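Both complexes below contain subunit A, partnered by subunit B and then by subunit C.
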Partner chain A sequence: MTFEKFVFYLFAAILVFAATMVITRRNPVHSALFLVLAFFSSAGIWLLAEAEFLAIVLILVYVGAVMVLFLFVVMMLDIDLATLRAGFIRYMPVGALVALVMAVEIFMVVGPANFGLDKVPAPVAQPAGYNNTEELGSVLYTVYMYPFEVAAVILLVGIIAAIGLTMRRRPETKYQNPSLQVRVKKADRLRVIKMDAED
Partner chain B sequence: MQFDTSSLIPVLPEIFILTAACVVLVVDLFLKDEQRVISYGMTQISLLLAIVITLMTAPAETRIVFDGSVVRDGMSDILKIAIFIISGGAFLYSKEYLRDRDLFKGEYYVLGLFAVLGMMVMVSANSFLTVYLGLELLALCFYALVAFNRDSEDGSEAAMKYFVLGALASGMLLYGISMIYGATGSIGFQAVSEGLANPDVNKMVLVFGLVFVVIGLAFKFGAVPFHMWVPDVYQGAPTAVVTFLGSTPKIAAFALAMRMLVDGLGGLHGDWQYMLVILAILSMGVGNVFAIAQGNIKRMLAYSTISHVGFILLGILAGTSKGYTAAMFYSIVYAIMALGAFGIVMLLSRRGFEAENLEDYKGLGERSPWFAGMMLLVMFSMAGVPPTVGFFAKMFVLEAVISIDMTWLALVGVFFSIIGAFYYLRIVKLMYFDRPVDETPLTAGMDTQIALTINGLSMLVLGMFPASLLSLCAAAFG
Partner chain C sequence: MDSLITFWEWLGTNLIVLQILIKIVVIVAPLMLCVAYFTYAERKLIGYMQVRIGPNRVGPKGWLQPIADAVKLMFKEIVIPTKANKVLFLIAPLLTLGPALAAWAVFPFSDGLVLADLNAGLLYILALTSIGVYGVIIAGWASNSKYAFLGAMRSAAQIVAYEIAMGFALVGVLVAAGSLNLGEIVRAQQSDAGIFGWFWLPLFPLFLIYFISGVAETNRAPFDVAEGESEIVAGFHVEYSGMPFAVFFLGEYANMILISALTALLFLGGWLSPLPASWVDGVFLLGDGIHWLFLKTAFAGFFFLWFRATFPRYRYDQIMRLGWKVFIPITIVWILVVGVMVVYRFAWFS
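Then we have the complex of A and B:
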């Protein structure tokens, strides 16, 4: 077994373990942390496949931003786990059976019978100076320009939808207006009253 | 590599709608609440101009630009113009409804225009990547629109269900696309169909991917057994949104099926034909039978949508240009019918009252003979009663199915539409033969009245002259 193969199986084993833990842990914070581990190990596998840009983006975006935000939400919300878990045991046998059938089917299709090395040759290793990021960038803004622009519009719609659904002035909530606070003058707040000194 | 600026001309309608949506978004920020009608007007003018631009830039022959991402052909132009007109109608009907419920906001029109853009991208897509991005753009706008009334618990629940199931469907679709990429090494439709012709191609992987693509497609269409979200979304979302959601996206879904199954995976016709047969029979059966049991008209129309989707699938599965023409005709006609039906639902609703129950339609013939007449035409058309256009739509689809020697399937279709006729005719009975329960006079602006009249009469006019629309559809597959 070459060292590369060993690293692949190591990361793959950690990935499968972490993914299993994500869906079986009782505490959602633990699940989220295991998901971070799963992302790290899949980033490692991508590095092995010479896709270093995707690996870094996965860590930066998913681990750095999405999962931190997710942990934040999990800690802020009071999720009632008892109701979420109700019926887990009841649906477990059917769910497990369906999952098993699906897993066997998927293995039969994407397994060595159809994607073995004799069917799909292994990609040629790139020379040392090869830059995956540059390769992606050169097609992203030329060949895939139209899909890229549409993706940008999707992000814009995401912003509009998020703001449209959450920004609202509730009359009962109290909020500060920093602009007014900064602009306040001494005269607005302080009134000097002249009065005679008392004996 | 030099960028050819002439390749921008075929996508000019998309660029225009995107610009218009951004302009409405910015202008709306500076408007006071009583000036919202300006956003509405700008939206309608944009849709009108988009029709003009689409007609002016229509190329003489099919053009594929942006390295195979976009295609501009006869089918895309006709479907886009249908989408502009019907979306404009939906915005027009919903104006008063939104105003009565303090929902008359610029975001509705901005998200609406972006949804139109998403449908245009889907209609003109020439690769799996573009088709998927268009689909997500459309879906994201609708997730937000369904939850548009934030004080409504039903609306939030519907949006949540729609979002979760929609995300699941997108995942399925992407998984299927990845399999097709694995087998053919490409995501462009031309390259995929060339890859299919190669005898060395791995058929098993392809069919496996196809199953997931069809599942994703069925989710978006709302075909049985992937229809669970449809009734809840139709019932929970504001009627103004349902009018839009229930009409034009069916045209886009038809385009989605045509682009992916015919342009891309046409070589696997023998495989997807039987998948669609199952979906079509189940959709027609479940849709028509369950609609009978509904007391809520929005839920009833949701099940009716499911049954109509079955008919659209019948046309597509025929796999002949006659079948595609019939399915295209059906999807456009269905969008017009759904627009009219929901338009009447909104006409009967007023501030603090939703005309959601079937009882609310009792005695409409006495309260407003003219609009009862329009509803009658729409219901007859949905049921497929001649001489309305719904009859011809069903007939063309059945003809196409019979011409590929699947007469039994046509008989199944006829059988279920006879069952379906019951609940459409029940509305007609309630309108004309029952005493009105609610005597409140109907109020509607002149624009809504004129639009509803045109909408209702178009059922009759298109039914008298079906060849006008049919020849347009046939030209797209000429």
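Then we have the complex of A and C:
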């Protein structure tokens, strides 16, 4: 076994283990943290495939930002496990059926028929000094310019939609206007009164 | 000496893991010493700023104070709250310290003096600094304490907000240098204008925003709402004692040194001499060298301490306003300005 193979199987084993833990742990915070571990191991596998830009961006975006917000929300939930598991037996057949259909679909798409060992040639190691970031950037901004921009616009629409859904006048909340606060002068707040000393 | 060099080369070809381990020790051991004496410098400097003397009992002028502190923390009892999540409670401090140390792997101390010369070095640093927040969040949650949890919530929102501004500031640097490699970024600042050729001048707004965001990222005053002694006792690490607390402490100071060193590297020319190269080339200590990097790092680090002695703590909503409504728009505008300057080969980029 070469070193690369060893590293691949190590990361792959951790990835599968972490992914299993994500769906089996009762505690949602533990699940979220195992998902972080899963991201880390997939980033490791991508590094092995010489896609260092994607690997680091996976950690930067998913671990550094998305999962932080996930944890943020999950930590504040007080999940009642009893009610959560109450309907387990009732919904089991439907759930199992959906899972089976999904598994078959996934197998048909990414199974050996399309992605078998004979279909994909073994990757050739890039020469030293190969810059994955530069490569991706030049392709992204020339060949895939329009899809890239369309994706950006879709994301922008998503942001605006999310803000539009949550922005509403809430007269009952107390709001401070910081610029007004900053502009306050001493004369607005403070009045010095001349008064005689009491005797 | 010659036999040592041969041995070193032999290690490089046969036992590369051992060679890398030695390099890691050579970086981390002085770093830990710097962290220890950074705490001493902080207490002394803030003492002088507040017309006190600061620690002066342990050893001459208090020089042994950090050692005494470390020994004290090592022998203290580790208290784990009964209802705490024990594993996560103990992992959290490591998650703060780990990334702060791992980031040094791609840090070029001088021309070619770097452990791992990564092409995507800047991205690597950004990714690792973004992981630091997990330590705080997990500590807050695993402690099972209201104060700790409040600190974690505050910190999570704050760090995510300032990370965006920080990332955009780094995008400016990347556009200006045309590379993600930290060594290349420093070499791009080399010119015959000396100090005026560094990126702090053309990227001045980004320089300020990067440093201020760095202060916010490390949860330092005036952005230390995650600790907020006067509001939530000590925030996320209120339940920690002994060595786990010490690890948090080390992580915070290691992060401060990292941010200072990165500011020196990205905006203040790293190991480059502030004097024009044609004047001082080859002159002892005035030419380029690692000592300039240390001086610049110390200069940036001093600001962390100065801020703490000077500014009162920000109010939480104003932190958010500053991050989202002031810093992010400014960085976006300045990235555009930098782009225009680079395209039209303006002064610094010709």
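To be clear about the criterion, the second predicted complex is superposed on the first by the 149 of 199 C-alpha atoms of A that agree within 3 Å, B and C clash if a C-alpha of one lies under 4 Å from a C-alpha of the other, contacts with A are read in each partner's own complex, and residues count from 1 in each chain.
To be clear about the criterion, contacts are C-beta pairs under 8 Å (C-beta built on N, C-alpha and C of every residue); 3 or more make two chains touch, one makes a residue touch a chain.
Treat the numbers as computed from the prediction; the structure is a model and nothing was measured.
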Touching partner for A:Asn131 - first (subunit B), second (subunit C), both, neither: second
Partner chain(s) touched by A:Gln176 [first = subunit B, second = subunit C, both, neither]: second
Touching partner for A:Glu52 - first (subunit B), second (subunit C), both, neither: second
Partner chain in contact with A:Leu69 - subunit B first, subunit C second, else both or neither: second
First (subunit B), second (subunit C), both or neither touched by A:Gly164: first
Touched partner set for A:Leu33, first subunit B, second subunit C, both or neither: second
Touching partner for A:Leu60 - first (subunit B), second (subunit C), both, neither: second
In the complex, subunit A residues that touch subunit B: 105, 109-110, 114-115, 119, 142-147, 150-151, 153-154, 156-158, 160-161, 164-165, 168
Complex interface listing, subunit C residues touching subunit A: 88, 118-120, 123-124, 126-127, 130-131, 133-134, 137-138, 141, 149, 152-153, 156-157, 159-160, 163, 180, 317-318, 321
Touching residues on subunit B, where the partner in the complex is subunit A: 1, 11, 18, 25, 66-67, 69-70, 105, 107, 110-111, 114, 117, 121, 127, 129-130, 133-134, 136-137, 140-141, 143-144, 147, 150, 179, 182, 202, 204-205, 208
Complex interface listing, subunit A residues touching subunit C: 29, 33, 36, 52-53, 56-57, 59-60, 63-65, 68-69, 71-72, 75-76, 131-133, 176, 178
